[in-house]
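Here the chain labels run A, B, C and D in written order, and each chain numbers its own residues starting at 1.
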Amino acid sequence: MAKHNPKRINRIDAMFARLRTENRKAFVTFTVASDPSFEESLARLKTFAASGIDLIEIGHPFSDPILDGATIQKANRRALAAGGNLRVTLDLCRAFRETDDRTPLILMGYSNPLVTMGYERFAEAAAAAGIDGLIAADFPLREADDLVKALAKHGLYMIPLAAPTLEARDFAVEKPGIGGFLYCIPVVGPTGGPSASKEVIAEAVERCRRQSSLPVMVGFGVKTPELAADVAKVADGVIVATALIDRFLEIERDLEGDIKSFQARVADTLTDYRHAIDAVKSA
Amino acid sequence: MARALKVESRPGRYGSFGGQFVAPVLLPVLDRLEAGFHSAWGDPAFHAELTHLLNRFVGRPTPLFDIPAFPSRPGGARIVLKRDDLTFNGGNYANSAVGQCLLARRMGLSAVVTDTGSGQNGIATAAVAARFGMRCTIYMGARDAAAQPQAVKKMRLFGAKLEIVEDADRALSSATSAAIRHWMGHSDTDAYVAGAPIGPHPYPEMVAAFQQVIGKETRLQLVEGGVLPSAVLSAVGGGSSTVGLFSSFVSDPSIRLIAVEAAGSGESGAPNSARLSQGRRGIFHGAETLVLADAEGQILAANSIAPGLAYPGSAPQLADLVSRGRVETMTATDAEAQRAVRRLAETEGVLICLEAGHALAAAEHVARTMEPHEAVVVMTPSSGDKDIDILWQDA
Amino acid sequence: MARALKVESRPGRYGSFGGQFVAPVLLPVLDRLEAGFHSAWGDPAFHAELTHLLNRFVGRPTPLFDIPAFPSRPGGARIVLKRDDLTFNGGNYANSAVGQCLLARRMGLSAVVTDTGSGQNGIATAAVAARFGMRCTIYMGARDAAAQPQAVKKMRLFGAKLEIVEDADRALSSATSAAIRHWMGHSDTDAYVAGAPIGPHPYPEMVAAFQQVIGKETRLQLVEGGVLPSAVLSAVGGGSSTVGLFSSFVSDPSIRLIAVEAAGSGESGAPNSARLSQGRRGIFHGAETLVLADAEGQILAANSIAPGLAYPGSAPQLADLVSRGRVETMTATDAEAQRAVRRLAETEGVLICLEAGHALAAAEHVARTMEPHEAVVVMTPSSGDKDIDILWQDA
Amino acid sequence: MAKHNPKRINRIDAMFARLRTENRKAFVTFTVASDPSFEESLARLKTFAASGIDLIEIGHPFSDPILDGATIQKANRRALAAGGNLRVTLDLCRAFRETDDRTPLILMGYSNPLVTMGYERFAEAAAAAGIDGLIAADFPLREADDLVKALAKHGLYMIPLAAPTLEARDFAVEKPGIGGFLYCIPVVGPTGGPSASKEVIAEAVERCRRQSSLPVMVGFGVKTPELAADVAKVADGVIVATALIDRFLEIERDLEGDIKSFQARVADTLTDYRHAIDAVKSA
């Protein structure tokens, strides 16, 4: 099992360093591990990396994705049906790392599988699988002391979620094991909800920057390439989840199982967003 | 506040259980609620209005009731029922529905959202919201809604908006998830009304505080009758009536406190609802507690003939009290609970819910091991009217 | 005894109404019952046990309840509900079921037989009989039984033997006839329990006496609240709650007493249940009274959305009070009653039965003609749970 | 309209006087007027008289025959469906009187149609129709002062019902307008119920004789010719209702509308009872 090398720079930090030099913004997406199967999930991760995704959030499937909207709830159910769970998700990341040691991988999901595995065992296994950070939907920092310590020990970051209504003590905490970036959520409500206006997003990002020196990425409700571009103007990165999952499902229905063209169409879709985001830089 | 029930390591914790495992966006909402609750709870005017409503609108105090003809064999301790089935709407859920709606109004909110399994919490909340002129949205699993059509209609008659949830287990657990999602999107106008002392802090503390009235009344009524019980039993669903009843006896070590869990069919390997005795430590619906989950941390569907008991989570207080050995657990099967409810109806003319039937079945076992001068208290959270179709299948 | 309500020309008569129009074979049974009742009613021990049961088993006193949010227009008198829906089983029928079962036991009988229309009298009697360990047979019309499946199951859960009557109108009137036939054949062991102050003497007197508790409580509660009402309204089925409530106000001529009858659909010529206002003098179910009958003396089927009001006979006391002008009559249609029940549920979180909905609809009209400092009392004999399927048709 | 002649002896008294001289017991049956139709009802009355029935009880149809068993309840319902009621029943009696002025006719039924018509109007019309007495199922003597007065005025009798449990004041009342015979009911319960034993019947009759000088006839539960014979040994007459109605319905079903043979079979059945009863005399 690969041991954490404290000297080695976290892939998330490396990514932001590189993007800064390139004057580009990060483009991030989300997929649930094993949705619809381990193999296709692995293929999709590779397509993401090949199509210009800078960082991938990988959901570990959970039976009760209480804070998610219908799209991601269903993705979780498909993944569970395909045998997905936290252990298998770690296996998937390890498999991805065999061909890609650069794209940061962030585990995203709910806390019960983590507490069931045990924070220490989990952090060790996640590091070994090549994971760089963790977003826990229902695990606020005020509850996360033990988890954060375990993550720090193994060189992983807990990514703080930041909402406009949140007080600084709930996201702008400086501690080993907390870092990577601020996940800025400009809207209230579960995933897959309505979009915020670009003014609201700009204000939310501004507030994050006032409280923290971490890079800021915006997620929840970013749907179109246009809005992605607007986000890229103010933030360090753009996270698109529900809109892309919905789009990929449409493509899948259109193609009825033609996997090859599917991956090509996924790549095309991502390229649209990628270009919109990158256009900001040249503006 | 539920002082006696708490051994807090830090605010919102009961021993190592509890906490606030929610989307961070809800933290300010919970912080405001905590402040609002503490302010209200310290305000004599709030207590005065709460007491007035508990008496006039909920129908408290509810009686203690002897059931001498019930035991199938002579001898053993006397069994006494605490009759929260005799509140006006929704059984003991009315206690916390009134408290939480009153608090929501005090905090300037105009609407409430909640979830319901057996229908009782929904009925109580809908009735109180109607009385207060507040909008009310209620989430109910499609399976539960199909099993309780009268409850669905009753909530609608009270003007509530019913949202039937087709997700996952189509039962309480999915309804709770859906209600919390609704709340996340509407926390500026809507209060989430918890049916049980589960969920993130301050819900367990707050609901326990509103349900304490059960224990206080019971203790007073027992003292007036010159009895101190040897054991107090309650069936555990979300735990609202259990926590409410136990609160007044927990610091009295001579009184056995017994949480009765649903064993379902009782067949080994079949799904049940026994997470206090057989569950794992986990994080579910906002709190660290004992849950029914598999080795991978996936939540398991709970099962019981009593919809109010089929919930995979636990009140953190109860998880702590069980872990510390202060509360014992027992189980009763679907069949045992049904038999107890039917025998009580036939011998005493009292129809209690299947949830309480679990506690009554366990109480009969416990009472048999005791002397006739001893007494055993059994919680009756609501009436059996909702269960008539299950109890009497051949029309 | 219901002295205030009676202007007897001879025993068992209210003015020219009442009497004992039964098969002569029943006369000795009625004579024994009369003697048994008078002996019991004069016995402080009987009253002590009755009061104990009314408090502990029936759940009396029932509250008086303000409904400030109900009226659809501002102004007018305040409307107050007398909440006998909050007894434990069967609404106000429990009052007389307890009294009659207690009397039957005192007279050495081992079983009871009764009839039920809405199910409430049957549920009350079945529960009391279970409590007393008495056998219980209940006759119910097939149409009523089909409309109230929950009530049928509940009575069976209390161990009662249900006899479904396919005769004639398949409703209350046929059930009563069948129960009386059963009683004729078993009068040595079975007491007939009357749900209402109808039938041969001493039933009207006896049931009225057991139901007086409603009026006494109400008057006391009003006095405690510093109110004397301008009008007291009650919907008339068999008349048990009406007679019980009116008893304490009849000698106070400044208080209007209004009996509200069911107008059915309200279409002219369509069947209704308005025999006090539109009936004929006749002899039905053992007494001379006002009945719905045709010119040949054939009894007509009564009709109302509220099963408890659809009865073609009347309590002789009420027939007399109406004939003497002391009690006014009003009618309310099916639709008016439904609207009143639904609006009350939506505005106050209180679900009353359709029977009471008739009185409430009439009360709103009456209250509008009065001043805000005045009060109007509306009888609520039982809860709307039994009517949920009628009230909310689109599940 | 025929006026009551106070000198004329009531046909019931005349019948008992005649039977006494013949040393015979009365044989009585019951039918509901207009069951199944006015015409057939009239034919049946004539068959009864022709087959040795001494006295006929005619039920006036009522909507709620509360004290009757299933057989007579159904007969009432058929009669109502055929347009039967109290007025039509009087018409039927008048039509019967056109050919038979000897067989006593007793009206039997419930009180509501009587009170609706008014006691005086009713008594006058009944006398005019040739009716001799009244049995009211739900009209005990203690309630019947006004009715009895009206009957007396028009020469009709109210027939007292006597049960073993009844006190003398409830059946052995001497008053103008009360008379004819005592209707002794040896069993409790509605009509059509179980039969009493001959010992019980004998005791019931004996008790009637101790309290009253009226002739005693026994009804309720007399089913077979054998029991009819036993009754005839102790009483002045035998009343058979439910058993004969049930038997006539059976015959009707067998013959499917062949009216001629129907009346013949009815006559045969009655003759069986008649012979059994008359055999007592010769014993």
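In this text, a contact is a pair of C-beta atoms (placed from the backbone, for glycine too) under 8 Å apart; a residue touches a chain by one contact, two chains touch by 3 or more.
As the structure is a computational prediction, the values presented were derived from the model and not from experiment.
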**Request:** Could you work out how many touching-chain steps separate chain B from chain D at minimum?
**Result:** 2
**Where chain A and chain D overlap in contact partners, by chain label** = none
**Request:** With chain centres taken as the means of their Cα atoms, state the distance from chain A to chain B in Å.
**Result:** 38
**Item:** Chain centre separation (chain B, chain C; CA means) in Å
**Value:** 36
**Fill in**
dist(centroid_CA(chain A), centroid_CA(chain C)) in Å evaluates to 68
**Complete:** Touching two or more other chains in chain D are residues none
**Item:** For chain B, residues that touch 2 or more chains besides their own
**Value:** none
**Asked** Which of the residues in chain A end up touching chain B in this complex?
**Response** 62-64, 66-69, 73, 77, 80, 85-87, 110-117, 137-143, 160-163, 165-167, 170-171, 185, 188-190, 193
**Fill in**
Counting only contacts in the complex, chain B reaches chain A at residues 19-25, 27-28, 31, 167-168, 173, 176-177, 180-181, 184-185, 187-188, 280-286, 288, 291, 293, 295-300
**Message:** For a test of understanding, state which residues of chain C touch chain B in their complex under the given definition.
**Reply:** 56-57, 59, 63, 65, 69, 86, 88-89, 126-131, 133, 149-150, 152-154, 156-159, 342, 345-351, 384-385, 388-389, 391-392, 395
